[in-house]
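Consider the two complexes below, in which chain A is the common component and chain B and chain C are the respective partners.
For the complex of A and B:
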C-alpha cells in the first residue's frame, strides 16, 4: 500500500498483556505486545500454537473469556478499547472490526440459511429490512466469489464445501463494511488450492475496500503471500517485527531463523536413490485397485427405481509399485483417495476390485500366521496425534502392548525395549508414564511412530503425520523420519497434501485426483516439470517464501536447534 | 474396579479435585450403606416386633418416626428396609448393565448380522413401555423380589446396549482402534482393551440414573404387592401399607418416602458428578 507510515494508525496496541485466572493462579498468555496498523494495511502475525497470537486478536475485539485480565492499551481509531463496556463492544464488533476463524464449519449455525446468517448483522447494525438484507446478502456472496449467489443464499452450511463456507463467513464479516478484519488461521483447514483462492480474495477485499487485515497463521509462507509487515510471536511475547521481505531475507532473532529454517521446502535435500532398486522385486504392488463405499440407504432412492443405494468410488483402478528402500510420496487434496489407498494396502479396508501384493502374496487373501506376519511388516502412523493413541493408556502401556502380544521381547526385557524405542524417536524417558492428554501434539506423534517401530516393520505408511503440527515441530518429525529411514532401511509410503514436504522427503511421487493417479514419476521431475494440468494447479497454489541464498544457508545451520 | 481406576478415580488423583456433587452423592450413598450394614446396631427396635398397645403413635422421643398400624417402630423399619432397597439397586442395575454393555459392544464392533439381529431384539423390547413389560413379566413369573430382578434384567439392558453401541461405533473408527488392528490385535483384544474402557463413561453415568429408576420401580411394585412381600420391610411396601392411614398417621408413609428421596438424590448427584469427572 502507499506509504502506510504517513497515515494516522487505525489500530495502536501498546504494552498489551493478557492473564488468565486459573485455579493454579494467573497464567500469562500475552506479555507486553506493542504494534500498530495503518488503515488499509495487511499485517501478519506468525507463531506456534500457544504463542498468544489468537489471544492478542481476540483482545482487540473484546472476545476473551471473563477469566482474562487485559492490561496495556488498545486504541482503535483514537478510542481506547480496554475500557469498553459490553454496549460499546456491540457497536464496535461487526461495524468497525470483524473476525473470521480457522474452522468455518463450526462458526456457521448449521440450522440457519447462509443468507439469514449474513443478513442478521445487516439487520442488527444497519437497520436493513428483511428483503433488503437478503438482497445485500446476495450481493455480498457474489463479491466473495460464490457462484450462483441467488441459489446459495438459501443454502444451509452443510450444503457448501469448506472453501465456500469460509467465503460465506468472510461475506458475513464484511457485511457492515468494517474497517478491520481479523483472520485467525482462515486457511489452515483448507486444501492448498482453496487456500490460494481465499488469500486472493482477502487481497482483493483489501484493495477494493481499503480493508485493514490482520492475518494470523502458523505458516510463514501464507503470511508472506499477502502481508506487507509481519510480527513474530513466541510464548506471548513479540520477538521480531518488520517488513515481510526484510524479515524473511535477514531474520535477526534466533526463533525467526528457526521458523524459516523449518519451512519444509528449505530442508537439505538428501541424495535421491532413483532407479537403482527398481529392477528387483517390488515390496508392494498395487494392481488395478478400486475401493467403493455404499452410500447410506435412503427411501427416496426407491422412488427413482433404485433398489440399492449408489456406490461411491473412493479409488478407481489404481496401479503402482513400491520397491524396497524407496520412499514414495502420495499427494492430492482431501477426498482424492490418498488415505483410502493407504488403508487398503494396510488391509484396514477391503477393495472392491484389484489386488495388493506384498512380497508377491495377495494381502487380502492372507490368513492366520501369514496375516500376522504381514501386520508386523506393514505399520501405519496416523494423522491426528491425539486420536491415534488410546487416551486411557500411558505411553509405556501403548508401547509395551505390541511387544508383549507378538512376543517381540522377553517379558523381563520389555521395559528395556520400551525405553529403547522412546530414545529412538527422541522422546524423553520421563514422559513414559504420562497419558496422551498430558503430551504435546509432536510428542504424541513420536509415540505413534515408536509404536509402529516396535513391530520392526519393513514398510511404514505415514498418513499426513505432520499436517496438524506446528511448522517447527513438523520439521523435527520430518528429520526424525528421515533418520529412522536411513538407520532402519525402511521403505516408506508418505501421504501428504503438502508438496514441499513430499519434495524434501520422497524419491518418487504419485499425484491423486478423484480416486485416480493423474501423474507419477521422480519427485524432482514431476515437481519441476509437471505435465498434468491438475499438478500444475496444485504446485502454483503452494505459498512460497522467496529467499536470498545466504539466508537459506544460515537457515540450514539452525535447522536442528532444539525447540 | 480397574476400569474406574483408569477413568481417573485412582488414589493418585486427589479427592479434592472431584466435583462437589460427586463427593456429596457418595457421602449420601455411603451413609445409607453404613446404616444398612449396621442396621441391627442403629435400629432402636426389632423392625418386625408387633406392639398392639402402641399402634399409630405419632413421632416421640421413644419412637422418633412414630409407629405403624401394627405398632412396629417406623425408624427401625426404615433403617432395615435400606438393606432391601440397596440390594435392589445393585441387583436391578448390575445384570442389565452387564448384558447391555456386552450386547452393545458386540453389535457395535462386529456389525453385520450380529448387529442386525441384536438390534431387532432391542427394537421389540423398547416397543413396550418399561413398566408395562416389567409388570407383565412379574405377573407371569409370580410376585417376589427374585422375579422382579429377572424382569428388570430382561427389560433394562436395552438402554445400556444402545448407549454402548453408539459410543462403540464412534470409537471403532478412531485412529487408535485402526492402529490396534494394524498391530495385528484380534477383535477381542481391541474390544476389551481399546474400545470398552473408552466407551464406558456414559454407561456408568446412566447407571446412576437407572438406580434411581430401579428404586422407583421397586417401590411401585412393592406398592402393587408384586415386589417385596410383607412383613419384609421395604420402602415401597411400607408406603403401600401406610396409605390407608395417611390422614391419621402421615409418618408411616412420610419417612420411608423421605428415605427413598435421599437415596435417589445421592445416586443422581453421584451420576452428575461422575459425568463431570469422566468428561
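For the complex of A and C:
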C-alpha cells in the first residue's frame, strides 16, 4: 500500500445516512452528515443523547446492529467502507481504526485477564505468539500510564478502578497501532480528575503516534480541552462545524448557542444568602459521624500475613451543620464518602460512631411516629433517573403512591395533587400516563423530583441528580431545583462531582476526600481561593471553555462576587 | 492459600445447614401420625411387647433425649435399621446408590453436549428456521409426560426393535451403559429443552453485551468473539441450573426407575413409603438433602473457577 499524501484526509464522510428498521417503519438516526478528518487531527463531535453522534461513530467501524441501513459514503484512507464485506471489516477494525467506549467496566470481558484482552488483537492482527502478546501488553499498559503493568497484566477487570479500566481499554484499542481512534464519551463515567488524566493521555497518544482521534461528548468543555475542530450534531444532522475556538467564541446556530449557555459555570445565579441563616437552630447537625463497612466474616482465616482491610472506613469523623433554607454542596471523587454521608443522614445506613441530629433529635434513635415523620421530612432524588423509578408504574401511579400510603391527600383529591406536582416540576400533563421507558432522562428526573416533593419534605437530598443528563437537560433541571428552592424554601443537600454545578447552585460547599472533609466554606470563597491542595487539584481538572471575552467577564464577575 | 481458606470456611458454613437438615428429618418422623413401636410389632402384639419395644428403642423417653440419641447415632453414621429388610439403612442406601449415580451421570453426559449443540445452533440462527425447529421440539420434549415417553421408548426400542433391555441394571460397565440407555434418554428428553432454553437466552443476551461490541471493534472474527467472549459469559446461569437438576435427579428419577425397573434410590424410596419403612424414608431424606448440599457446593466451586469475581 502506497503512503497516502500528507494533505489527503484520512477519513471522508459524505452524505452519511443511517436508518434503523423497526416494526413501526424506518427510523432515521443520521441524516446526511458530511465531514472530513486529516491524519493526526483531533475532531470533536458534540450533541445530546439521540443526536446521532454515536451512531455516526459506529458506522465508521461497521459496528451498527443488523437492522441499520447505511447510505452515503465513508472513505477511509481512500477506500470506501460502505461496501466492505465482513472479512474487510475484520481486517480494518483494530488494525486501521479502533474504538473506546463510555462505560469501560461493561466493555471489558469480566472473565478474561486484562493482558489477554489486550493481546487478543495483537495475536489476531500481528500474529504474535502468546508470550509475545503478553510482553507487548505490558508495554502498552505502561504506555497508557498504568503503574506496575507486569502485575496488572494478570488482573481481572473488576480488580481495576474506573480510570484504570478506561486506560486498559485504550491500551487494547491502540495495540495494533491504528491510525484512527474513535472515542465515544470516554470520560463521561469517570471522576473529573480521572477525566483530566484520560484526556491528557489521548492528547499524548495523538502527538506521539500521529493518532487521529474523533472524540464524542455531550460536554463541550471536554471537547474544547483537546479538539482542534468540532462538529455540533442535533437530531441526526450536522448543525454547525468549525474550529473549536471560533465556534465557542461566536456560535452561529441557535442550538450551539444553547449548548454554550447551558454550561453550568456560565449560568446566572441568584444572589447568595451567606451566613445570614447560620444563626438559629440548624435543620441537620452531623456530629463526628463515622461509617465503616465490615469485611465479610470468616470463621477461620488462613490468609495470615496477607493484607486484608478488616474494616473499610467510608466516613471518618465528619462534622457539619445544615441550616433551614440553605443549599449545601458536597463534592469529591467517587469513593470519597459523599454518598455515604447522604445515606447516613437519610437513615439508609447506620453510623459506627457519631450522631445525626434532625431538628435536635438523634435520627438513629427515632422510633414509631417520630421515625415516620422523619422519613417524610427527608426525601432523596437519585443519580440514575430510569433505575430509581418502577418501570411498571405510570408517572401518575408513581406520584400517587406516596400520597396514598402516607394519607397526604384525601382519595378524591389525589389526582388533583398529582397534576399539581407535575406542574411544579414542569412536566406536561399528557405524560402522566406514560411509563418511565417512554420518557426521556430529563423527564424521568423530573418525576423523581416530583415524587420527593409529594411528601412536602423539609430536606431534599439530591445525589448526583444531573450527572447522567445532557448538558442542556442538566441546565433545565438545575434551574428547576433553583426555582423550587426559591418558591418552597427547600433546604437542600446537593451531592455532585461536578464543581461547576455546585458553584451554580449551592451556598456552601464541603469537599470530601477519603471519608473526611478536607475543606469547607462559602462556595465562592472555596472555589475561587481553594486552600487545600486536593480542592485545587479538583478545580484544575474541570474542563473549561475558552470563553468569548463577554461571557468570560460574566462568569468571572459572578464567581468572584464577594459574599 | 486464600482459595483453601475460603473453601474451609465454606465447609464450616455447611455445619449449621446439616444440623438443620438432621433436625427436620427427625421431626419428620415424630410428626407423622402413627406409633412407630406399633408399626414394628404389628397390630396383634400385646401391650407388654409394645412397652418392651418402646423401652428397647428409647421411644418412651422425652423427645429432646431421643433427638440427642439420634444425633449421636448420626455422628457414627448409623441411620437406623430397616424394618422390611432387617438391615442397617446406611448399608441399604449404599446398595441402591450405584444405579442412581450411574443413571444421573449418564443423563448429564447425554444432556450437556446436546444442550451446547442445540443452544448454540439456536442462538446463532436467532429467529431462523433452526431456532424455530429447536424451540418446537423443545416444547414437545418437556410437555410430554415422562411416564408416557418412558413407556413408548421401551415399547419401540425394547420390545419392537429389541435394541435395548427394558428393565434391570446389568453387571459390568458396558452392560450398565446398555441397560440404562433408555432411562437416561427418557430423562434427557425433558431435561435438554429446559437447559437449551436457559443457555440460548443467555447466549442471546451476552451477544448484545458491551464487551462483545468492544471485541468486534478490535477486529476479532465473529467465531473468536463467540467462543472466547460470548459462550464463557453465558455458561454460568446454565451451570447453576444443571446443579439444581442433578440434585433433583438424585432423588427424583422415581418414574423412570419405576418404568424401567432400575434398582435405584427412587424405587427404594417409593417402596419404603408404601410399606411404611420409616427409618429408610428418614435416612433417604437425609441423604437427598446432603446430596443437594454437596452438588450445590460443587457448582459454587466450579463457578469460582469460571468467574473471577465470585468468591466462595
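Going forward, the second predicted complex is superposed on the first by the 531 of 563 C-alpha atoms of A that agree within 3 Å, B and C clash if a C-alpha of one lies under 4 Å from a C-alpha of the other, contacts with A are read in each partner's own complex, and residues count from 1 in each chain.
The working rule: a residue touches a chain if its C-beta (ideal position, glycine included) is under 8 Å from a C-beta of that chain, and two chains touch if they have at least 3 such contacts.
Please read these numbers as outputs of a predicted model, since none were measured by experiment.
Does the chain A-based superposition show chain B and chain C clashing or fitting?
With chain A aligned, chain B runs into chain C, so clash.
In the superposed arrangement, which partner chain does A:63 touch: chain B (first), chain C (second), both, or neither?
second
First (chain B), second (chain C), both or neither: which does A:388 touch?
first
Figure out whether A:486 sits in contact with chain B (first) or chain C (second), or with both, or with neither.
In the superposed model, A:486 contacts neither chain B nor chain C.
When the two structures are laid over each other on chain A, which of chain B and chain C touches more residues of chain A?
Counted on chain A, the partner with more touching residues turns out to be C.
Under the stated touch criterion, which partner chain does A:120 make contact with: chain B (first), chain C (second), both, or neither?
Touch partner of A:120: chain C, not chain B.
One more residue to check, A:361. First (chain B), second (chain C), both or neither?
Once the two structures are laid over each other on A, A:361 reaches no partner at all.
Scan A:379 for contacts with chain B and chain C and give back first, second, both or neither.
first
May I ask you to decide whether A:90 touches chain B, chain C, both, or neither, giving the answer as first, second, both or neither?
The second partner, chain C, only.
Please write out, lowest number first, the residues of chain A touched by both chain B and chain C across the two complexes.
none
Going by the contact rule at the top, pick out the chain A residues touching chain B in the complex.
Where chain A meets chain B, its residues are 343, 346-348, 371-372, 375-376, 378-380, 382-384, 387-392, 401-402, 405-406, 448, 451, 455.
What part of chain C is in contact with chain A in the complex they form?
Per the stated touch rule, the residues are 1-2, 4-6, 8-9, 12-13, 209-211, 213-222, 224, 228-229, 232-233, 306-309.
Considering only the defined contacts, which chain A positions touch chain C in the complex?
Of all residues in chain A, those touching chain C are 61, 63, 86, 89-95, 98-99, 101, 103, 106-112, 120-121, 124-125, 156, 158, 169, 172-173, 175-176, 298-303, 306.
Quick check: in the complex, which residue numbers of chain B touch chain A?
Spelled out, the residues of chain B in touch with chain A are 6-7, 174-176, 178-185, 189, 193-194, 197-198.
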